[in-house]
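Got some structures for you, see below.
The same chain A turns up in both complexes below, where it pairs with chain B and then with chain C.
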Partner chain A sequence: MITISNLTKSFKKTLAVNHFSFEFDNKIYGLLGPNGAGKTTLLRCLAGLYDYTGSIKENGKEISALKEQERNIGYLPQKFGMFGQLTVKEMLQYFCLQKGISVKSADIEACIKSVGLEDKTNKKISTLSGGMVRRLGIAQALLGKPSLIIFDEPTAGLDPEERIRFKNIVKSLHGKCTVILSTHIVSDIASVCDETIIMNDGKLICCGTSEEISQKAKNKVYLIPEEKQNLIKGKYYIIQNTSDETGKSQLRFVSQENQNFDTVEATVEDGYICSIKNI
Partner chain B sequence: MKKLYLEAKAFFGNKGFLLITVAFFGIIFGNLLKTTYTLLQIPVEENREAYMLILSESQKISYFLFIFFIFISYELFYLSHKSNLNETLKTTKKGIRNTYFYQYLIIFIITAIITVSLLALNIYSASHFKVLTTELLVHIILNCLLNITLVITLASSFGFLLSLFSKKVFAYISIVFIAFFSSEIFKDIVSTLLEGFGLDLYHLTDLFVIFPPNMKSVPIYAFGLSVLPYRWNAVLFWLFLCLGFINLKLIRNRKKNISKTVSTILLFAFAVVNLCFYYTPQSKVIRDNSPYQTNFADFIYYSATYTGDEINQKADFNITGYEMDLKIRNTLSADVTVTIDKSDNEKYIFTLYHGYEVKSVTDENGNSMAFTRDNDVLTVESDSHTNSMRITYSGYSPRYYSNLQGICLPAGFVFYPVEGSVVLYDTENQDFIPYISENLINFDVNIDYYKNCFSNLKGTDTNSFEGKSNSLSIVSGLYKEMVVEDTRFVYPYLSGSNNEKNFRELIINEINQKKYNINGKSVIITPNLNQSNICVFAEDHIVAHKTPWGLAEEANGNAKEE
Partner chain C sequence: MQYKKYLKQNYFLLKSAGVSIFIPLVIIYFFLPFLNYSSYLKYGIGTTLYNNIITYSQVFIPFFSTWWSILTLKEFIEGQGNEVLFVNTKRTHLFVCINFIIFVFMLIPLYIVYFCLFDNMKLEFIKILIECVLFNSISFAIMSFFRSVAISLTLPVIYTMYSFFRGYSSQGIDLSFVSLNEATYEQLTDKYIPILLVSIILFEVTRRTNSRTTRYQ
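Presenting the complex of A and B:
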């Protein structure tokens, strides 16, 4: 269990994380928020990369007091790269050695297979595509059966097939450890995460399951033909411009005010928007 | 080993860096091996000075190794940052420091290979020329450790520091600046600024002098290449400063990480200590255009202090004996008791080279005597009868060195008090005027020095000498002595021909011209330190300021003129 109490982190005059408190269990958590919300800063504090005020405890022990070798975490940052001159297998061996795992006992081949890179095992990393490198990054985060795995924008650069593969990998970790993944892609969170945390301006705005987040937008979501936009009353926020079956433009928006239109079923994304915009 | 292999492959797997590294070592060592091979072809009987040239050539590459390793270290340590790996590595159990450790290990292994190779090259060459002694072996090892191992370690620390703090453009600009300020070009610019515009920047350049000095000059065979403490202090200052900043950057959570904060403070403290030792006044042997060093210091001093009207003023007393306790470390410390033949003077005038600061003068009962110093003149006030005076002093001469690497205190140079006011320097010829006493004096000399010393006087114990002479010479360093017929020679064994029997014949012309009888006397060969005269003649010995090779040229030249 990871307990965050009153976590605050600032950079010069910018307050990136503002009195954040939360408890993480052996579940899969999604971290949502707009750019500059403080997600990456929060994850870096959890990874032990930043000094901070407040408390982060892992199984009752303050992580800032722990040495690197006393923690077992897997971490995939937003900007991630590898040594281009090493092969896929050699790179994972490198990470094994960094993590204090015996190269022989670590099942590197299984790890490579789990991310679908078995045909690239002996290829140099410089020959891999960006998506393949990110898959390898996911693989290294899983090495050593860590108790906490942090993914910061893990599906950036992955094609749809790779994103499905990633979701399956994450789902397989359910109950085994704490997984926190930060993303802009709400649909990734909806299908994978046990709980979603919404952050903005460094603060925890709300948290809950996908259904609970969706409920935030219950009876507030509308889908209307675009030409009727001028009939919208009061304040509103456009979520999406879509098209119906006939190709006609439609507008999906949320509004606190009762509109003269029928509401539609709210999604996690709608709930996220309502939370962020305080609707 | 696996980690080491992976780190090395991650870097040298890049063909660009591999090519640069191979090309660099190919050019530098190819050139060195070619020069060494050429010098090794010289017949051993003809010229063993070639060995010192090999040592010089092998140490000259120090500058190029320094620049290369700053560059390659920067790229190596920057690799994980460039590959966007730093953030991930910091969260692993071993941490980013483990990566840096193995990267440092790669540099260390390469450094060790280079050091051992150069050691082997020098030891083989010295053996080839039959000059390898334990003393020389230690000298070679110290040179390689200082100019190669320590300099590369400093370079890699610079590279590491740059990789932690700067982006590529700024790092490369910094490397260019470092290369410029530590180069001979910068020294030449400083020299031009002094000569052309009177602007003295030498004190600012001091700390950048981390490479072997005197590389543009003929080697001092009796002294070798300088491995004096100040050189180590300079390199260690920069090294500890770098390590301090590196440690500062790598500490996480400084408020709670007390031991690492303390280690950072200690590193900076070591840097300051080395800086203080560096600037302690001491005897160095640097033959550049600096107004403070061997070549020009005395000319500049005497040009400023002499009016041109100086004349010798004979004393109204004579010194009949010297009891000297000399201690030589970075400077000369002397405790000299002079016995005089007149005890009722109110004033005693002595001359002692101005570089030696007089600490105290006491009479035979231990009572303090007042004294004043005016350049080289020491005036002692006496209000009591005393047959002897004990004078303590310490200091050094920029030209006639007395330090941990060697001693060159030849006859004619006033490194001990002599009676009267003596003009020591000829500004027109830019040279000292040799002073030889008119009388024979009893000398009893003890020298506290870790190496063997040689003197014109008879040795009574290790570094203890006594005898009667009108001048005193003390030398130490890469010297040997031998007796040929009934003449004793003290000579630098790295210079000249291997055929020692030529020595006597080579200087005989010079001696014959002065009508000097060399039988039963000593000949002490001292380094050529820009002296204008070839020999200084004392009662029991002569000091020759050129190697026998140079003397032969002089003798041949004199014969042709006749």
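Presenting the complex of A and C:
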């Protein structure tokens, strides 16, 4: 269990995380928020990379007081790519050493297999594609069965097949550890996460299951032909431009005001927009 | 146990640097012996050879003593997504210490040959070790504060050039590490022990700053 109380982190005059409090259980959490919302800073504080004010406790112990080997974290940063001259296996051996876990080939091989890189085990990292390096990053995060796994934009650069594979890996971790998944792809969060946390301007805006988040947009989502846009009243936010079956342009938008159109079923993305835009 | 972990990590970090890790070995075992042998052929065993040995040593050895430390810390400061390296590794200064010790071991065979040629080389060896400590401290400080491999390589080169110009001119305040005179106990106590103390203080300040401030930037 990880308990964050009043976490604040600033860079000179910029307040990146602002009095953030939350309790993470052994669940899969999705972290959503616009660019600059403070998601990566929050994750880096959780990983122990930044000094902070406030408190982050892991099983009752302040993480800044824990020694190197006392933390069992899997962390995948937004950008991942180093050790070009090492092979896939060697790089994972390095991370085993770093995490203080025994360099058992079986564990390494299982991790390599879980991300579908078994035929690249002895290949140099510099020869791998961007997507493969990303998968390797996921594998290193899974090493040693960590109690907290942090994925920052894990599916960026992955092809659809690998995204599905990744989502299945995350689902398989359900109940075994705390997983925090930060991404801009709302559908990824909706399909794998138990709870979604929405952040903006460094603050926690709301938290809940996918259903609870989508409920925030209940009766606020409309789908209308594009030519009727001038009939929309008050403040609104366009979510999507789509086409109907006849090829006619359609607008999907959210609005707090009652419009003279029929509402449609709200999704997590609609709920997210309503939370961020205060609709 | 922790040291063993850092030693093994150091092996992988050096391996990730590729063939460039062999450059200090080429300098120690091929380039310097070649220069010294050329000098021996020209002047024989005598004062000129001795002076040439201490000059060449001070030009190349301190600078290349930092090579492995810089290569090891390179991924920590310039690798893409390097923050993951800091998650369970707080004591990056240990890599500098490990690489310095390895370098000293690599240097010993060369100096065994020098010891056979000149009696005074033991003092010269202590002198060069202190210069290596100074350069490692400077590089570690530059890498920690400037977070740039290029600056970490450039500033020691500039300092070496300054030191040699200063060594030949002897005007103004002496901030050079070089001494082109034969090493004596007085020289060690007057010049090199203070350099060693400054180096240790610089290293310790950098280490403490690294551990107190944000490790990842």
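FYI, the second predicted complex is superposed on the first by the 277 of 279 C-alpha atoms of A that agree within 3 Å, B and C clash if a C-alpha of one lies under 4 Å from a C-alpha of the other, contacts with A are read in each partner's own complex, and residues count from 1 in each chain.
The working rule: contacts are C-beta pairs under 8 Å (C-beta built on N, C-alpha and C of every residue); 3 or more make two chains touch, one makes a residue touch a chain.
Quantities reported herein were computed from a predicted structural model and do not represent experimental measurements.
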**OP:** Record, for the superposition on chain A, whether partners chain B and chain C clash or fit.
**Re:** clash
**OP:** Considering only the touch criterion stated at the top, classify A:Thr246 as touching first (chain B), second (chain C), both, or neither.
**Re:** neither
**OP:** Please indicate which partner A:Ser102 is in contact with in the superposed arrangement: first for chain B, second for chain C, both, or neither.
**Re:** neither
Original post:
Between chain B (first) and chain C (second), which, if any, makes contact with A:Gln85: first, second, both or neither?
Top reply: both
**OP:** State whether A:Ala65 touches chain B only (first), chain C only (second), both chains, or neither.
**Re:** first
**OP:** In the overlay, answer first, second, both or neither for which of chain B and chain C A:Gly48 touches.
**Re:** both
**OP:** With chain C in view, single out which of the stretches 1-9, 343-351 or 379-387 of chain B clashes with it after superposition.
**Re:** 1-9
Original post:
Once the complexes are superposed, what residues of chain A are shared between the chain B interface and the chain C interface?
Top reply: 44, 47-49, 51, 68-69, 71, 73, 75-77, 79-86, 90, 93-94, 97-100, 137, 140
**OP:** State the interface residues of chain A toward chain C in the complex, per the touch definition above.
**Re:** 44, 47-51, 68-69, 71, 73, 75-86, 90-91, 93-94, 97-100, 137, 140
Original post:
Within the complex, which stretch of chain A touches chain B?
Top reply: 44, 47-49, 51, 64-65, 68-69, 71-73, 75-77, 79-86, 90, 93-95, 97-100, 103, 124, 137, 140
Original post:
Within the complex, which stretch of chain B touches chain A?
Top reply: 2-3, 6, 9-14, 79-80, 83-85, 87-95, 98-99, 252-253, 255-256
Subject >> chain C residues touching chain A - in the complex, by the definition given at the top >> reply: 2, 5, 8-9, 12-13, 15-18, 75, 79-91, 213-216
